[in-house]
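Multiple structures are listed underneath, in structure tokens.
In what follows, chain A forms one complex with chain B and a second complex with chain C.
This part shows the complex of A and B:
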């Protein structure tokens, strides 16, 4: 192993490789309930070329490589489950290009959501990207690798639907480019070339995304969030259907949680609007809150809580940290919108069974085409018993997602196993072939999506 | 249970029915007012119970102190005529539930000041005007133990107020202060007006913040530098429960050299911030609220207002952004007073 260490030092320099126990400790766990797994090496490359050399070395020596962005997946996806190299990509943090006219940005894989938001606000205030609910240190590329979504998911879909191009280092060290950048110097589209989408949603098991081109969207000068409250969870799907029909909303989230008490047993719809003038805002507010939702107000079934200008980003992760000890993990799922009532009721049952205050949330993706529904379980990091409770609740929720005909989003190893057991066998077989073709020695993020 | 001290005979013998004829949100003549208040007094339905925006103002308009507003909201609850959609009512009632531990009871030295449910606004009670205070409810995690509950008048849930308020009073009383300045005049109105109206005993003397500020500023008179600002006061609904203290607004302005602008919606004709109206169940409430806000702010602008002064955090949250977009600086009264004695309050931005 020492020869591996020396080779790594030669590739990235001694300052960016560590085998020190105290540093490896930091790379051994994430913020969720997954048991710690210590890497043998922590390595922080700066360039695509360095990553190529590292993967060639790892492939030759059959050393596992676990790519790490912000490390915020919570489900253990970036942990070195089988040791080897924890490949910390945060040094690759250059925003390479913003094209205002074609509305896209090209970033290195370590660029964070917060970094891009801040950069756009400062240099390109008329543009925005779809920022997920994760803390701002979450990376753009990491979010792509898990099919993440952000606060423009309602009009524009998954963040991985916003990819204009990718640069990827294969497990065997070759660099591939996909999209227009493979035939030109421009990164403006992912189409119309033959689709070889082998890297999005694979959680780093088929290669390392080193550069991403991502679509940007108009950022209007006035942004804000309205709140609408209902008691009956059965109303949520039809309300979402009506709101999305207006095509006026930037983000649409329904949530309910036991703590703080104001939300317990009630369902809040957060409805984000944006406008470039007071006239535009007034029109949109009237269309949404009076014309579309007025019926529920008059019947007494729903209430308009008000509209606040400005957006607090991120919102989602703030809802989870109410239990003493500061830990939480959630099961995310991609579900049909009409399952919201069942998701809420069954999730609440699981939480109450394990003595955990319930927290559920559904974010609309597309024009009500789907929602990301999450069940969050808080635990006390200093109390192993509460971590066990949360872990059991998470596993029961993975089972529930499949029972409700949903798809688990960014599953941990337990959920991945469930998905693969249920998956169409021909699809699973194709995944095996792809994996064997791209990663013959199985070095990429082993322990995850182990189809072989 | 606590009973509202309301005398129907007073209404029957009243010639003016100011409570309803002076309402700014319903157009009611004297004859109709008499009919409707009589129906309300006898427990019958009335359009007033459906159209009331719960601005509290009739509590001030009634020259007899017969508590018409408290009566209206009690009847709304009895007859199940909620002014807000029920999910908002449930949400509001649950908001007041403490969920982060028990309060720490300490012996409050006098003078004492209670932040009520606004512990996250501690930055507003800094400097010379406040440095002598022993502060009750300074921890946002525990502030719901000090929540006066009177907000539930807007929800037509006096039953919740009556159920919870004795416990709140007991908690405050455990701190041992005989006189307590209340940061928010809704708290003052609770302990001074509402408790008296329904027969809840209050073992301490509430002091209105503005009365305290006026007296304290007089002590510091030598340090006052006239502000020479044109100001408008956004009078909150709860101020209608203590009209005898409202003169301190002008008294303070005069003392610190702030010129109160000449405007239409002022004092007894002040308009509501709209925060409650916008969520009401009645058709068109959001637009009605927007209209009230527009008229209110337009009136401030036309009067040459430079600074809009607030007491109520709810009014501030609702209107501060709106007035600032019209070129008027929003500021809390406490911060305005600090400015006048040469301090630089955090809220002056």
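This part shows the complex of A and C:
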């Protein structure tokens, strides 16, 4: 029995540490195409203090630590690429505070998106957070750590733009707080103190986020989704521009997919609206579907498919069963909205080349400031050939993103390498210095964002 | 057996491990898989078990006692099947059951499971108690041996042997007597229904039990069965037809509801209590019966029926299913599902936690003690509540 194991047992208790083959097997897998990487320990802490002790131990013993939230990045970002500790953070699942008046929530890092959605629905029905399209197991903090976006991305931007404060355990074990919580008991703002945003988008390589304060937004009593469809992908950027100009929509997504076959090649826009009265809803619907989109309908370029009240929760997992094989992975990117037509055409070519039904989607971020565009590739986990096809398609798509002047969102190691090859050298050097300063022994999620 | 020979070889890899299976319907927490709630390691989630099963059958990992415990920690509650959005969800427990069957076949089950199965084989019950004592619970109750009455009152192993559950069995018997129901019991002639044996993967023993029970029921001219336990109800209703045993079967809450509706059971005496009801998995998720117990409780004047946040399809299992009431792979922690469940019950402000299953009764009553909630919360079977209302102790 190693001294590391014994120390871990002392920190979190024997039931929450394992070196047994079963845990090491399960924690070696990502849900996407990344090859498995076996940890030496699977550990599930409950408190910030336990994480501090684990990181001190890891530093002392030079043991890598790979933090794991919901494990749903699909890009292998939470895999122990260099062994060590797979740190499952989902036991830290307390919703600590909801401030209705200042509209924020403070959560521990293992709180899932689903848990928060449910909590707000039951206890604070006038509030909502920007829920990503991921399954409900995805965690709030994990989503922050990869610059995620959700269903309020159009009006309010990235979820990481909604951070009011963070508690982070540094790789060397110190706890730091950022935002108003660093000077007061309140977690209501991330500004105006000096910006030390070193933890968002770093995929856990600079520290472990243990608490997050996140902005909440008004949840109106009536919600629904309108569907609009066009054949010509070249119309999508201008339609998005016009719709966002109204400032009336709370989520705007354009997508196209090969399944079902009858709608292959069509481009659907899901336009989510919310209102607190029928009058408000009627006004918004008229503004969007008559005044803004009416021209396309009258010219025969577009079709209004109707408006459904209530929002169906996303069940993205169904994509994993398209090839009856329990798997899919996608390349996400942050792209200018005007690249939608190219993204669609080129992505479709890649899919068809690899014999994979194409699925592309663009979610508007901000007032058309950008979109998260994704290309999804389903595979059959029992068929290595389809996994290879998907992997190749993903790599080609990573290349495509950069070719189209985009930025890869939450890239895996292949995409990270591409990004760093292109990155401004001074920026890259700063990243290296920051990493060396915060993580002198290189224990935090090594293999990710490693500047050579 | 290799993966290729496994009945679900074409399905088991389809689990994406997205995690819906951990949630109740409203997503309020990730504790609705009892084994995951207890250990909070991915291995103990539904997806973890499926991936490990595939890994074992593919020789990617070796069998171990730990692997066996992980597979046997599943309580067969079907929360995963209810919540999984994928089309193969109806086979999730079947996949676990088939893996367990392989472990049984190879003699690789945990010691507690082996003991359970041996006891059933030798004594007709998991406790290893003598068969002759199976009917002792009914002494001095006036309950008759079955001799062609309208109903066979089938009590099951827990109701027959567990001291606390015996009280429930007696009370239900007395309520049925009071209602004028024509029924009898098998007493020491009763044998295990095999529901848990089946869930534990011992297919041959289950087959023997089912065939023997069907033969006995037919020889005795059984026409209708009413069961104390939802586990027995499930076996008779869903599994015995394969063995030519299609007997009309009711769970006792369904019979009590009908008796109240027909005016044959008078509950007008009422009871002043705030009551919350815990759905047993084998009555609820396995058989879709959520209403009958609530209708019985709601018919009693003075009872204020309050729901726990997780109810019906979202009920958190007590942790006793799939033989775990005996094997106890989920015990010994404040995160044991039964303890979580009684804490959930206590938050409703109810003074009575109503159950309709002897397994749930024993699991939750122990949990109330472990949580120190004895002064606030009493676990009572629905039949006992009816019995109290009717002045039957």
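Just a few scattered comments:
Heads up, the rule we're going with is that the second predicted complex is superposed on the first by the 442 of 452 C-alpha atoms of A that agree within 3 Å, B and C clash if a C-alpha of one lies under 4 Å from a C-alpha of the other, contacts with A are read in each partner's own complex, and residues count from 1 in each chain.
Note that a contact is a pair of C-beta atoms (placed from the backbone, for glycine too) under 8 Å apart; a residue touches a chain by one contact, two chains touch by 3 or more.
A quick note: this is a predicted structure, and the numbers were derived from the prediction, not measured.
In the overlay built on the shared chain, the residue A:88 is in contact with chain C alone; chain B does not reach it. When the shared chain is aligned, chain C comes close enough to touch A:15, but chain B does not. Comparing chain C and chain B on the residues of chain A they touch gives the larger count to C. Of the two partner chains placed by superposition, only chain C is touched by A:115; chain B is not.
After overlaying the two complexes on the shared chain, residue contacts for A:23 are found with chain C alone; chain B is out of touch. When the two complexes are overlaid on their common chain A, residue A:303 makes contact with chain B while staying clear of chain C. Those residues of chain C that touch chain A in the shared complex are 10, 13-20, 22-23, 26-30, 39-43, 48, 51-52, 55, 60-62, 64, 66-67, 70, 85-88, 309, 333.
The part of chain A that touches chain B in the complex is made up of residues 229-231, 259-266, 285-286, 289-290, 294, 296-298, 300-306, 309.
Here chain B touches chain A in the complex through residues 82, 84-88, 90-92, 94-95, 97, 99, 275, 278-279, 281, 283-287, 318, 321, going by the rule given at the top. Listed in rising order, the residues of chain A touching chain C in the complex are 15-16, 18, 20-23, 25-27, 29, 31, 42, 44, 70-72, 88, 90-91, 93, 112, 114-115, 117-119, 121-122, 135-137, 315-318, 320-321, 324-328, 380-382.
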